[in-house]
């Protein structure tokens, strides 16, 4: 369904945005003559250094092609043949990666229901009973999403508490950071505070939803694991041959805090939208707005006319909950126009 | 190992080339506002139409991210749990995809030794003995590469003969077309002649080695198979969220025969190189030059000084065979300079 | 932990019983000279005929080595690369097969919470939303267990209702029949009534828990699926070379209704045990007794002294629920002695 | 194809033999009352002790259900996601396990052609070039078969030499010992000499082909690997619930050297057969007879009439090579009758 040209702004996903001009320029700037393939180039060296600058000297970064790829490569590092992943039942790896966890990793997802998409230490402890029982998949990794699929954000202390219980039980901590930038922007901390400093072992750092064309990083903080990434990335179909163009995108995001600039803007637009909803009768927020996502509950009589003009998805159609996403390119005018239309729909 | 700036041209791989300007422009041109993700956009519709124009009305095209991805998605369509693929022992799927066939597809590769990288009908027949025997992996797909990993090219009649024996035995025919454009350019035929018209069931159409940034297509000619591609592409980590930028690359290649222009040029540069080798003492061609690859055998005394100045790989170090690849951006001057250096090395 | 020789009867599992004498005799009787391996023998032909006699002329039976094997081979027949199984969250395939579903089948288990281990049609409908969405594992099979892991039993009409909603949605129905005999004995119907006649497509028929040494059958009722079993059985490590000894066990069970004799006896012993619990203070049944399993809730002060004398497991230790199983070899005296000890423990 | 009752002895496979009486008695003797399932019984403890007595104190034995299962469980212990196995191209894991290596293990088999089924150190070295190259499956295990699929036998020194080159390269050594007993009997050494003492890391010890009903052991000599076996055995469908009956078979074989008695007898019958072939015109041995297998090359005019009376298989029909196997129950009269018929067929 193409967007109605009269209402060109999508609130369906930060994936609907295009490429940030600075990132497109970085791609063009890398298009100079020949360069070795598969990462043996200077753009990739620069990216690797920027990962270390950002996440600390033990961090090893590996560029991949998409978020599901970052998850699968990162998780595969830590999972044997009879292992399981503990995650929220709303986790992207559990719900929207077409069974890649089961098929590519071959492991069980031990999902935990949550209200806000966030795992708690007690959730993890509740899934450890089977450790040592050979009839049962063995929990080996805890995977959390930051920001979560519900737009909520873990504080550094919350992640550290999860890391503690995870490591005490002999498991490792994975973080799906497709929107890690939005979390750090919301928390007003640096990226290291919610990853390296909080005890994460392996995570993905998302670029695509934050203005890149197609670029994500797998970042490995446990040095015993990094050697396997090149093999797993190649086998998992996540190795770009003309790698310089992927690395250049990630380096652009990590230069002059472009990642924060884009994410803060997107977050601010979500907050603007949420704020503007406050006085719309019949519309309420389903989750606190802690990133670039607004989950709102509204009656079908409001939602349906809006859906004829704007791209967005129901999150839970039965409950009347929709998800509205903002992006680096969402303008205040986009939001205000949208709010106007919401008001009109609610008033009808 | 970075390229010596004095000798900036790589002969190691067509992957070392950058992005063709027309394709980079197509990417920029697609960067206009928002668009639905995952292929529900007008750039992707255009790409799908161009696939039908090029390969016939039954052809369904699906954009993916790299060549190994195109192979795995295309093959997965045709392979059950206890199946096998018959292919040349030099096939990329057998040698350079880090075991993706075995791990992601879970199937056996029944490899056949060949002199020139090309399967013959008799090779296929020789691998069918186990059909029906429950102790043995069941051949279900024949996979050929066009042009082959050794730079040789199947004629349309050769492919048709393979298709005939393949289909008679109840198997399906897959073609790894990472360099399909080079084959059609060499054969001076259209792309349909070596795919649809020759009886191929599923193939990959490569963009990346022919001037794209990162773009390949899985093309399905058997209509009973196409419905599964979106699921397999998603699960295999080959679905781009900002799909329009992948589709735009492929459409650019399929517009005004850019694919042929690039491939013909690369082929011509390989021929120029091969021709120039004729009078170099001690250097001989290991395979006929039928695309953009030159396989040459030369003594280490010649190869080693060249390797200090140019990027290229040994194919078979013990035999003294090297692979030199040309690309859309290789110039006659690049070739002539290289030939000069080869002459000098051989004269020392 | 060996059983205390003073209390030699185990109530932990019907797997703790030995081999029924008739079945052991059948094994010995098959030990006469040589016979072709892998099923090409007369004992296996007899077994195959008995399967048809029991389940109808379209039924094709394949002997395998254990219950998890029967499940994996049967399910693999019906599952593609991006499929999912809908099952109760207490299903053996979900809880106690060490992740075989995820690793060997490579599919997602869409588990549904239930009170009594039984899926209902509405449960299945509630898991079909993702059909056709390429981001989501595609439900392809519904799997039910008869009797369930909680000792409850589906009536033929309940299975037929499940089959109807399953088939309407284009899915197939699998039944884990590790204790199918106990169900038919409880329902006082023949085995066909709860399988073939109720619309099941593929099921396992358990022998081991009902007096065999190690023997289960995969039974395929959908004729389009049977051809794949020999390959999947071989690949899944479930093919016995000296097959006659497995087939002979299954034939013995299917001769003179030995299956029913064993199962009815075990069921009767469970009923005797449950009946005897009625007047034990503090002890209650957690589920209705509809087979050879008694789930009882009792205080730790009662459970712990019993556990020092008898082998049995907690099902839910926090809730104080234990599982007591009876078998073909459980005697009324065993039950009465056990009840005596329960009474004594409860009186302390 | 049932055996012609006039010629009841099969020379097709040692799997065509029945169960040795001592082993059947051991099964019956274990059928006394209840016992814990899954190996927590005294018969299994006895088996584990006998493994240590036979193979040394570091050996840990795990009973499984068949030879392919022993291979898959043993190999899975040592293989990661992007690994490969180096083996002879005649290896059972490569040829007759229906692709289990590729599907269940997910790894590549790097097969080496051999004349006699035996790998040499140089064969292993020839497959190590790709170590460290992320485009290539990484050799991690060398797997040899003792006795080989061609009936030949490695000496302890030959295995030690293979172990040395394997370990030097950082790989591990696996041995498929489906007919390990025949090898030790032929070599007149104990079982430890060709396993523990020769540097093997993990191996299978076959019972079924040597008189058991269905029983094999996975034996782990590298103590760092043993902890994973229970999980892998369960997940790989190789865990018997009524384990005592499997353990009892293996213990019987390991008691009073029954394994050697059976294997020596079978070997002697093969030698008797081979010796008797010496003066048959047109019949020659294809491989030296070093176990219970005779590979003979004979013209179709001899083979075909024999095949109408006896069960046996062509090994290479084009070459006219057949495989004749003897077993614990082959009598001198069986061999002599068979030789008579061979003489008659050759004389026609």
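Lettered A, B, C and D in written order, each chain numbered from 1.
As a convention for this text, a residue touches a chain if its C-beta (ideal position, glycine included) is under 8 Å from a C-beta of that chain, and two chains touch if they have at least 3 such contacts.
Since this is a predicted model, take the numbers as computed values, not measurements.
For the interfaces C-D and B-D, the C-beta contact count is higher for C-D. When chain centres are defined as mean Cα coordinates, C lies farthest from chain B. Per-chain Cα centroids separate chain A from chain D by 51 Å.
If you average the CA atoms of chain C and of chain D, the two centres end up 33 Å from each other. Averaged C-alpha coordinates put the centre of chain B at 42 Å from the centre of chain D. Of all residues in chain D, those that touch two or more other chains are 38, 81-82, 97-99, 103, 106, 134-135, 231, 234-235, 239. In the complex of the two chains, the chain B residues touching chain C come out as 38, 76, 80-82, 106, 134-135, 138, 228, 230-235, 239. Residue ranges on chain D touching chain C, taken from their complex, read 1-3, 8-10, 12-13, 15-19, 24, 27-28, 30-38, 40-42, 65-69, 72, 97-100, 103-104, 208-209, 213-214, 231, 234-242, 245-246, 311, 327, 329.
Those residues of chain A lying in contact with chain C across their complex are 81-84, 95-99, 101-103, 106-109, 134-137.
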